[in-house]
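Structures for review follow.
What follows is subunit A paired twice: with subunit B in the first complex and subunit C in the second.
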Partner chain A sequence: MKREYPDSVTASSGEAAAKGKLPASAQSQEEDVDELLAALGYKVRSSDMADVAQKLEQLEMAMGMGASASTAQVTDDMGFFPETVHYNPSDLSTWLDSMLTELNTPPPPLPTPSRPPPPSSAPSFDPAESSTVTFDPNSISQTDPSRERKRMRTGSGSGSCSSSSSSSLGRGGAATTIGSEPVNPAPVTAPGLQVVVVDPQEAGVRLVHALMACAEAVQQDNLKAADVLIKQISVLASSQGGAMRKVATYFSEALARRIYRLGPPVGPISDPSTFDSFADLLHMHFYETCPYLKFAHFTANQAILEAFAGCKRVHVVDFGIKQGMQWPALIQALALRPGGPPSFRLTGVGPPQPDNSDALQQVGLKLAQFAHTIRVDFKYHGLVANSLADIEPYMLEDESRDGEPEAVVINSVCELHSLLAQPGELDRVLDTVQKVKPKLFTVVEQEANHNSGLFLDRFTEALHYYSTMFDSLEGSNSSPTEPQDPGQPDQVMSELYLGRQIFNIVACEGSDRTERHENLVQWRGRFNLAGFEPVHLGSNAFKQASTLLALFAGGDGYRIEEKDGCLTLGWHTRSLIATSAWRVMAA
Partner chain B sequence: MKRAVSPDTASKKIKTEEPASPVPNLTEDLLYEVLRRADERTLGSAACVSSRWRRLAQDERIWESVCLRHWAALGCAPGQLRSVVLALGGFRKLYISYLAPTVPSRSGASRRRWSRDELQMSLSMLSVGFFSGMMGGPKGKLPPGQGI
Partner chain C sequence: MAGSNEVNANECKMAVPLHTWVLISNFKVAYNMLRRPDGTFDRSLAEFLDRKIPANASPVNGVASFDLIIDRTTNLLVRIYRPVPNPNPETASIPSFLEDLSGPASPDPFPVIIFFHGGSFAHSSSNTTIYDALCRRFVSLCGAVVISVNYRRAPEHRHPCAYDDGWTTLKWALTQSWLHSGDTPRLRVFLSGDSSGGNIAHHVAVRAAESGIDIAGNILLNAMFGGIARTESERRLDGKYFVTLQDRDWYWKAYLPEEADRDHPACNPFGPNGTPLDSLSFTKSLVIVSGLDLTSDRQVAYADWLKKSGHEVKLVYREQATVGFYLLPNTNHYYEVMEEIKSFVSSNC
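On to the complex of A and B.
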């Protein structure tokens, strides 16, 4: 819905604007009455047509929002028809004005003129579906509210956002603007609490523009502009609901970190010292909540199962074993193989633990217990490595050289992209893989290019990717096998998991920036250069994946696609994660 | 509820703890044979009748035939499947947690045949669920769908 509002009216209280708009009602309205409308019984002057159309839009918007807004206290107080006053609707112009005037009666003074909530707390209001909110414009920084208001209102220089947003909001007066008492020099008793009636769709678009503009400012090192934009972003974000708000919050926090360079990272999002154990927990929740990792595991397992057909001794090397969630299903599938299971060896690679706990061995023990339960011969070897590049082929060798040679498969789920942070590491890893000569090299990676040299490109791509991700979390927040209320810990943890990635992509640089996702095309190029050729994932893998989605109730939006033998899972039209399989090129 | 009463007393029941028609006094074998042929919904209702009925209605052999009835092609020996599934929680759990949710409507359950992929997927999920619930696991919570 594109609205062209002349910028003449910036901020004004509803009454002042309405007065200006009110056609001279005392005048006779007989001349130039539009004929078509007159036939319907409405008297509208032709010269007023555009005006009337605009006001109808505003009225519809205001009434629509009033109907849906439920949580904001002010809305309840406002009420749309406080007294029953009848206006003659046939005089459309005047009627609209009177309706809008009623709506624009500035809200009665809030019963508890409380201070705004401390700005350091995360925005806790709940705009949800309603776009009428009370909000604290200072959620990020501590600027003086009145100065903040003025800046928003007059839209000084920076960012087209503020001026156009206030002009569109202030037009004629379907909304009191962000500075709700501009004509009174004395601020209201609750300076931080304002009332904004905002069209969420428009605000959403402006939010995206603001984010992009801020990223551009950051790229150009224009920190002043970036600073201003950050504040606008928080304002706009608060008018959104659901996924958009969360995404915007994460991105703006990351941008803020980048802008203000507040020193070593702290908190659950960025602090590396809390990384490992907390990261594992988040990873688990993400695994449970949405199908991406399950998809990755099941499709990779299917390829591995097919590669192991007929082999009596098999060895899987997992480049990132974490909690070992991928392997029970494979062990079970091997157990049910016609002809019986092979002897199964697993090498799990993991980072050293900060608290010296032997997480790697614990995972191995659990898997061994599992394999024992279903009578599969199982051996486990835990390999601690700071980086995958430290792995040498001899570490993966079969120590007990009895009987048949092993069939080896190397499996990497979202582990390769971090190698791109250090030059040469990926090459070393691929070289090691080549030397091991596995039957199959299964690779799962995020399907996105978050490794562009240009910050703005990275930012844009990440914004789209994670918006889609968050949408999918919102859109499928319950499945029949995992019933949960929306907003439950699982979902929040999953969002935090993604938030850390966002943070890394936006706020970090150099060797710190480990979330260097690249897309299939890029990986294909790298693997080709390193001497690998693709192995097509069969139709079985596709069918497995489809079945997986059928089990997820929110499976409406998910899409599986096959691209040159690789499988991708995405949300609507956007692929988000891709599984591929490779083998060493025949000489 | 089910007492060893003479048929006469059973037929002229005045105290209504039971539905209108009294619970037939079948032997265990007969009851088992009847339930073995029942569909999933009936089994569910049967489990609510009495503790004896519940024990029989939840018998793994019955649920194994419920599952096998629905699978188009097994791909592995039944004994093989049985030992694995029983170790990982049983056929009843497999059905309730991972097969039944794929059926959109309740009435279609008895007529549906699952494909090999769906079977494999449900077994994979059963494995993952079992593994998650193992002691020292990352999440010790019970998979949903408990109790029919």
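On to the complex of A and C.
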């Protein structure tokens, strides 16, 4: 039944409210989105507007919120949607559908809401206890792709298994085209220059100003002016306190390298030889000191857990296993799920070690011990690779071809951006992921565009990003009224870890510049082109991550946000890291 | 008690354009899920559902914004918007706010609008997209610097937290020389807000008057007031145009001190427990009222009270407007009210 509405004073874009849906081609979808509501954060196709209105009305009626609500039955505000998981609230139409469906059908026996993993994020290994524990040595293996190249088998790695995934389909992008990709960043609009000024004292502002002026001088190749400014910066920085001084020091060290080009390392972050041997240690401290990586692991694990629901054999491929810190919590959650755990296979990818130590093996060993103590059938495979682009689908294949097919998830935490330093590498990796056809591809990346071709833009973005980041380290480790003891080792290590990123972004170029962070909008564009569609993270993951954050973060300024089906963690209003999930677009 | 027994759901839909109906109904439905009968609030779901937008120091349509923590102890954040006319491509690389924060007063007078977003004390934030859009509009409209206050919300933070945050912001603005302007530089500040924000603006203005701080003007959009007794419009319009008395009562219960009732002066400043304004040099007010807002007669009574207390008021009564009309540029109400705001600001700056 058509309703009559008064004419708008200004017409909105899009076609008239026809009842039929447009054919689902990406272009017309994008063009059809109503501008007025889009400006307020809601994506509704113009052609759907009347439909959406109708759904709202239905929902209101069903919730007893009709015009006479106040006389109606007391609205039990919790009664209607106690267990509903909400996804992607910007997409009003789908969001309303999900609630109407829930109201109209008796709720099925709910899959147990995934319980949050236990607090200890670091696995507790006790070698003494494990002396009597035997584990299958065959559960751990390691391969080196370069030796495996002769085994060129085609075929995708995983089959699918039935599961009750409640995620809604995101809208797909254009047809898959995999060509060679330029090193330049994807041509999509970034969200603008986000600035959160936490220390508005005059000196801090002048310091930022001087840094920017110096960067501008560098861009213009005015090295004389840059030299003067560098000295000014160090004077200003010395009178500054807290996060701003540290950030300024790292940025000016990086600028100095750029200006004086052939000079010796001028500080800890510009000397790669000393740094890289501590890389793992610094990463670990960063993990412990602040919640960003914990958030990343937690939210990715939530999505993985949901994807594995009902699957008896699962395989996780970790594109950057490092110390394997993400996995004990997932293994534990799988152990606790009703119906018991699946058999769990983990492929850990890592770089070759300069001293030929078997770091990957060590990690696998510890995880195997852990899995054994909680009775999860566990297999581990270490995959040494110089670059993710060296991985071929056959390396991830399920060796035992009989029985139930394996459900595969590929997980990448801050591993994709470095691929942008070499033309074609990201393409190859996404192609491999496509061929493996995982149930889910979980991706975590820094939420920033530090890959602009223009040096000054990159510098500006990075300055604000890391200022916020450093401030959060400062803010969460001390009470507001007591200044942080500057010597805290964890914090210093974390700052060094971040300082190395700053150095790379500012002082390096070409294939050396590996910290090529891009934001969600950019990644979405790349994934769409490569044939992936989003799998939305929902309000349950949001809520549990918030709870965890409150327990462990300590700092009042952390904020989780939902953006187009992805979850971000930030400091105050600035998102700093984003978790998203993807799957291969249906043909 | 219900309004007229002739319930006609279509009345509401006839009163507003389709987009407005969709937008406000969406809020109505979503907010209904967040309020629990026991007075608690599903903050996690609220934050999940709220659509937010980051600040942007690069000008968009001539307006740039950045966020600022002005009080570390409460983590009070404000979003500052400023006009960036004709950005010079040469110097555009260095965001102008850097000049601002350390800059001197300006010889050319400009208004500063401290804005308190609505949400009945419980919903929304300064980075909520609908309010970011509204603030940007005010900048373009008035050539103003707008300071949107991310005040602490109920039920986690009851009265007087929101007022305290407003007061902190005003005092902070007074210390910022870059916000001062004119031959004898001073802060030409307006207080404004919609719904609960309007209520906050009033109470901060009272504190300002009590402290001898000069406010150029108050701009109230459907300011939120209440009282124990039900007014005629409350009875007539209950549940008719997106809003119910039941939800109004819930929000007052969440904001006011636990033992208080709706005649508490925060809720009912001109009620039995209110304080007279006659002896205060209270500022001028622009009071904008939607006729289809169920508390419309309270808002009109507020304007009357100001007038009777000897203070200048302009009442703009939009008979056919509902709540939230100022969120979408799709009605005469929107455009005409924006013009009223523009002329109020320019004549009082």
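Just so we're on the same page, the second predicted complex is superposed on the first by the 361 of 587 C-alpha atoms of A that agree within 3 Å, B and C clash if a C-alpha of one lies under 4 Å from a C-alpha of the other, contacts with A are read in each partner's own complex, and residues count from 1 in each chain.
Going forward, a contact is a pair of C-beta atoms (placed from the backbone, for glycine too) under 8 Å apart; a residue touches a chain by one contact, two chains touch by 3 or more.
Keep in mind that what you see is a predicted model, and the values were worked out from it rather than measured.
Of the two partner chains placed by superposition, only subunit C is touched by A:L59; subunit B is not.
In the superposed pair of complexes, A:S580 makes contact with neither subunit B nor subunit C. Of the two partner chains, subunit B is the only one that A:F370 touches; subunit C does not reach it. Of the two partner chains, neither subunit B nor subunit C is touched by A:Q232. After overlaying the two complexes on the shared chain, residue contacts for A:K543 are found with subunit B and with subunit C alike. In the superposition on chain A, A:V208 makes contact with subunit C only, while subunit B stays out of contact range. In the overlay built on the shared chain, the residue A:S472 is in contact with neither subunit B nor subunit C.
Comparing which residues of subunit A touch subunit B with which touch subunit C, the overlap comprises 480-481, 543, 546-547. In the complex of the two chains, the subunit A residues touching subunit B come out as 280-281, 284, 288, 294, 298, 301, 323-325, 328-329, 331-333, 335-338, 340, 362, 365-367, 369-370, 373-375, 480-483, 540, 543-544, 546-548, 550-551. Chain contact summary for the complex, subunit C toward subunit A: residues 1-3, 7-19, 21-23, 25-26, 28-30, 32-37, 44-45, 47-49, 51-58, 60, 66-70, 72-73, 75, 77, 79, 93-95, 97-99, 101-102, 126-127, 129-130, 133, 238-240, 244-246, 327-332, 334-335.
Those residues of subunit A whose C-beta lies close enough to touch subunit C in the complex are 3-10, 12, 17, 34, 36-37, 39-42, 44, 49-50, 52-53, 56-57, 59-60, 63, 65-71, 74-78, 80-81, 86, 89-90, 92, 191-198, 200, 202, 205-206, 208-209, 212-213, 216, 456-457, 460, 480-481, 539, 542-543, 546-547, 556-557, 559-562, 572-575.
Of all residues in subunit B, only 75-77, 80-81, 83-84, 87-88, 97-98, 101-102, 115, 117-118, 120-121, 123-128, 130-132, 134, 136-139, 143-145 touch subunit A in the complex they form.
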